[in-house]
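Got a structure here, written out as structure tokens. Questions coming.
Just so it is clear, A, B and C label the chains in written order, and each chain counts residues from 1 on its own.
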Amino acid sequence: MTAKQFFKSTAFKCIAVLLSVLLVSGVLLAVAYGFLEVTDEERFSRKIGVMYNGETVTATEQDISGKNTNVNDAKIEKLWYVNEKNDYLVQAASKGNGGNVTCWVTVRMQDNKVDVKGIGKVLLYAYDDPAEFVSYIGSDVYERFPYDYYDGKTFSYGDKTSPEYINTNASVSLTAICNDVNASVAFVKAFAKGGDISDPYENFEYKSLININKSSWSVEGEVVTYNIVTKANEGPDPFILEIKVDGTGKITAYTIITNGCAEDGHFTADDYMDMMSTLAKDLTGKTLADIEGYLADNSDNGTLHTGATRSNELCYHAAAFALSNYAACLETPKEGN
Amino acid sequence: MNKYKKITLDGIIFSNPTFMLVLGTCPTLAMISKGAISAAGMGLCVLVVLTLANIIISALRKVIPNQVRIPCYIVIIATLVTLVQMVLEKYLPTLYDSLGTFLALIVVNCIVLGRAEAFANKHTVLESAVDGIANGIGFTVALTVMGVVCELLGSGTLFGVQIFKTFKIAMFASPAGAFIVYGLSIALFTYIIDVFQRARRVKVNRIARENLLDAKNADTAAEPAEANV
Amino acid sequence: MNFVLLVLSAVLTNNFITVKTYGICPFLGVSKNTKSALGMGVAVTVVMFLATLVTYPIYKFIMTPLRINFLWIIFFIFIIAALVQMLEAIIRKISPSLYNTMGVYLPLITTNCAVLGVTQLFNGVTDLGEIVKGVASGVELNLGWAVLYALFAGVGFTLVMVIMSGMREKLNCCKVSKSLAGFPVSMIAAAFICMAFMIFAQIKV
């Protein structure tokens, strides 16, 4: 085929038409994209607009890299200042059921931009819960946060022992959300004043399973009397123990005031109480080295794995907490909440 | 004027793409279970894309060679859908979110490609535009009606306004209910059209018979006069 | 474990026909007998697999760096149409008998929502958890996962097609009133299949 024949043939026409249509389309779309592109900032401001019922607001991200972002049981991930509303928007995450529960919390500021006025909308932002317990929590619970807030309030809707407990069948997730909200308020309070959250118990040891907030200790001479409230431990509910430690580094008195063993599908609470290690039920006279030995015992039917391992763990941790922080607690007694 | 009227009536009623031709079923089923507003939104998007595609393809019908017509149509429709997508994302984000993935799937919607193939490349621009609008209106009305039914039964709301507080059958907010509503709507619509067609046929037959009788009478009246002559 | 979740999600809990209402046109049109339903299902599965195999790398490694993401519809539909053409030619050459039984459906697959739908699923998604519920976040979506998901989505599609064809064959023997015959009664049958699949939404692994 000569060149001239080729240019006249249908094959060429087909290719030419197709290519030109493609070209025109591409150019048209590229031009349109220049006008109609939705930038990431716009997308983000739409997301924030959800917190204000669709209003368009702008928010500037605050730099929290130098601050202490681990507040109580939650981690502050991001902080924004919403310009039009004089609010801080906090993204906080804490451990819920099977993973992190991340919330967006709006903290309202007074006109002086330093004091906290109240709480705005609380939104569940993300969660890792594979069984989706967190979806059992209805919107009416989230709406209580702004309503119930007062200065100094710490939310405990998910705590079965608290008078404001709300039964949602998702207590662990609800506790995580409350932790997020509490941490957000505390963080913003410190941040707005330019300061940092100080954790007076930052250097305490063996506090992972202890609810320091609720625990208390009093001092008489050389003896520190602890009233320790532990956290729940995936099976048992919180234990409450009274432990006395003296200057010799030994436990002089040990009483379990509330045994947190709880029924689960396998055994009753009483069964678990029987299965607890006899040592855990009475640790009088033990030292920190003894307790650490018990915690490290991996043998079956030893001092830890007796069938009620988690209850044992709580008791040992309570004792270890009392012994290892003796010096600090001797200096500063604490009242419980 | 008559042929435009015919095109319009065909598009909206007698060849309604949803009820008579049963085309474009994927977005239909997905949107009616989501509610009346989503359904109406989808209908309007398809109307816009269909009309514009018809206009462009009809304008280019003498230019595009026969062998590459399908790829060309697809590219044109894809461009239009991309444009609509961009506009919606920028100015109507709530509609964009509720349409979800089905906005992009308008490209493979049988209605759009079908009308382009069957009508637009054989008729003038104006006729194609009218056809596009008519089919689009037919699609939108069908979807909206079914969407209203599904929404009322499924969540008790009408265009978002709560009507029934406690009466809700959750099945109608899922594909299962959408199938049922769609199937029954097709049955009802074809039945109504059938009755209408039958009544019209009866009327046409009656008029034809009367005309025939009149013609016969005129003949017999004329004959004696001729016989006399 | 992620693999099991992926298979269950693609085939059952997020079934393309009964949950996502994607491939409805062939579902209603080609499911009149089991043989053609199976043929269409297999053909669609193959096309979904190949389409994802080709479009996912192109989107991730060519379009995203060049920032022409907004042109994805044109690119993808072109690729799918080209794939279907090639597949048809290959089948015609390799096995004419196969072409006679199944080749009729291949051009229809270009306009199948399921194919474009499955390729669209992976646009801009970096985490497998965004598509498969229950997968802990942090599992990166890569070509392997995407292709596997497309394959099993096709399997789910075929499964529902075959079930539907069975029901329709049974319905042929029954007397149905004139206005309900054809599409309406098939759709009501389809509604029951959808209801059955709603059970799978409760699967917790």
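We adopt the following convention: contacts are C-beta pairs under 8 Å (C-beta built on N, C-alpha and C of every residue); 3 or more make two chains touch, one makes a residue touch a chain.
It should be emphasised that the depicted structure is a prediction, and the values quoted were computed from it without experimental measurement.
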item	value
Chain occupying the middle, per Cα centroid	C
Relative to subunit C, chain with the most remote C-alpha centre	A
Top chain pair, ranked by number of contacting C-beta pairs	B-C
Distance from the mean Cα position of subunit C to that of subunit B, given in whole angstrom	26
Chain centre separation in whole Å, for subunit B relative to subunit A (CA means)	54
Averaged-CA centre spacing for the pair subunit C and subunit A, given as whole angstrom	40
Residues within subunit A bordering two or more other chains	22, 25, 29, 33, 37
Subunit B: positions in contact with at least two other chains	71, 75, 78-79, 82, 86
Shared-contact residues (touching 2 or more other chains) in subunit C	70-71, 74
Residues on subunit C engaged by subunit A in the complex (per definition of touch)	68, 70-71, 74, 134, 136-137, 204
Parts of subunit C lying in touch with subunit B, wherever the complex brings them together	18-25, 28, 70-71, 73-74, 77-78, 81, 110-113, 116-117, 120-121, 179-180, 183-188, 190-192, 194-195, 198
Touch list for subunit A against partner subunit B, complex	10, 13-15, 17-18, 21-22, 25, 28-29, 32-33, 36-38, 46
Touching residues on subunit B, where the partner in the complex is subunit C	22-23, 25-26, 29-30, 70-71, 74-75, 78-79, 81-82, 85-86, 101, 104-105, 107-110, 113, 171, 174-180, 182-184, 186-188, 190-191, 194
Partner subunit C, residues of subunit A touching it in the complex	22, 25-26, 29-30, 33, 37, 99, 128, 130-131
